[in-house]
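Data block below; observations after.
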Amino acid sequence: MKNRYLVGGPITPLLISEMMTLGNDDVGAGAVSIFIGKVRDDEINGKRVKAIEYSAYNDMAEKEANEIIKTVMMAFSDVRKIFFVHSTGTVRAGEVSLFIMVTAGHRDHATRACRHIIEMLKERLPVWKKELF
Amino acid sequence: MKNRYLVGGPITPLLISEMMTLGNDDVGAGAVSIFIGKVRDDEINGKRVKAIEYSAYNDMAEKEANEIIKTVMMAFSDVRKIFFVHSTGTVRAGEVSLFIMVTAGHRDHATRACRHIIEMLKERLPVWKKELF
Amino acid sequence: MSTTVTVLYFGAAGEIAGKPSEVMEADDTDTLCNRILEKYPAMETVPFRLALNRVLIKEGSPLKENDIIAILPPFKGG
Amino acid sequence: MSTTVTVLYFGAAGEIAGKPSEVMEADDTDTLCNRILEKYPAMETVPFRLALNRVLIKEGSPLKENDIIAILPPFKGG
């Protein structure tokens, strides 16, 4: 099953540019809030993280993602569009594994909805990670 | 005096792409929060906004912007880099007039600092606008 | 009396099981969990939740033929 | 007794004055504001603040030769 919310490997600058054009034609959207999550080169037990390998429960992720969008759109009435994608597979330190974009009429709902989506995804998206050193 | 924080006309997709590569080499930055402000085609007294003409007190804007960055960096210790630019001159509906990017180790300070910068800019940046119909 | 279901292992659970999925027999989720913990004692160290046919469940549930049970360690996206 | 300063008009203040700046004479900001309001009565409708040499001031202040006083209507960036 094709999943709109998952992408294999890192989220590339090209893909980000493309996603950022979505909703560009909406002249009622005065505010766009974007969050980009990247793999950090953290040190864990004296070893430096080189990459993270993400795995996901695809079918459930699709369902949860749809519900998150529905819930956030209801909670923040000024929000106009929500897009996000999460990586699966290997993403190296410095590369992007999560991209979220929210457009809204005004800044308040754009920024708060974006933050809320981050937390919802962390809580509800069936994704796991494994550090590679 | 050249002002790093002001740009003539709309903030183009190309400029946004360029700014988004800044700080890309920082593998300790796990979170990037971006805010994009766009001109809305609001209706005011029955007339539709076609564009906004921004003017600024350049010298003071530079000073205030520097202070805002200093203040926000102190308040949010996990923040690593802050970039922002504001348009001056004419920006049409749908075009971008404000771009803010904050990188941080983790999401909490990235998103909160970004929101705080929006509010600080609205409060302290000596910029004015005039709707064109 | 033997209902056949598919068990999916994710994250650390998949590493302990050494496989992404397998077919098992159990009439309810409690029995299934007992069998999984018996077969893979290390699974005890994983605070997993269950999804039944893609929906998280909070209480034990009877199982039907061909149900899909997913073993979900804490999510770690982002 | 006549200190010469430069007055900068921004936003709505610039539209009322019909110019971005002008040279005026005043020994302190209170006197200067009175002169500006006298010269441009419509300025009364603009809730402006003052910056003295790029720094917002909250109280009246004496003026030195060549000081720059900016008339700042409410900021409207973003």
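The letters A, B, C and D name the chains in turn, as written, and every chain counts its residues from 1.
Rule of thumb we're sticking to: contacts are C-beta pairs under 8 Å (C-beta built on N, C-alpha and C of every residue); 3 or more make two chains touch, one makes a residue touch a chain.
Please read these numbers as outputs of a predicted model, since none were measured by experiment.
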Chain whose Cα centroid lies at the greatest distance from that of subunit A: D
Whole-Å gap separating subunit A and subunit B, where each centre is the average of the chain's CA atoms: 22
Distance between chain centroids, defined by C-alpha means - subunit A, subunit D (Å): 48
Inter-chain centre distance, subunit C versus subunit D - centres from mean C-alpha coordinates, in Å: 73
Subunit B and subunit D: spacing of chain centres that average the CA atoms, whole Å: 27
Junction residues of subunit C, two or more chains touched: 78
Touching two or more other chains - residue numbers and ranges from subunit B: 37, 107, 118
Contacting chain pairs - touch in the sense defined above: A-B, A-C, B-D
Residue numbers on subunit A that touch subunit B, as the complex places them: 13, 16-17, 20-21, 24-41, 93-94, 105, 107, 110-111, 114-115, 118
Subunit C contact footprint on subunit A (complex, rising order): 37, 54-57, 59-60, 63, 86, 97-98, 118, 121-130
Complex interface listing, subunit C residues touching subunit A: 8, 10-12, 14-15, 51, 54-55, 70, 72-73, 75-78
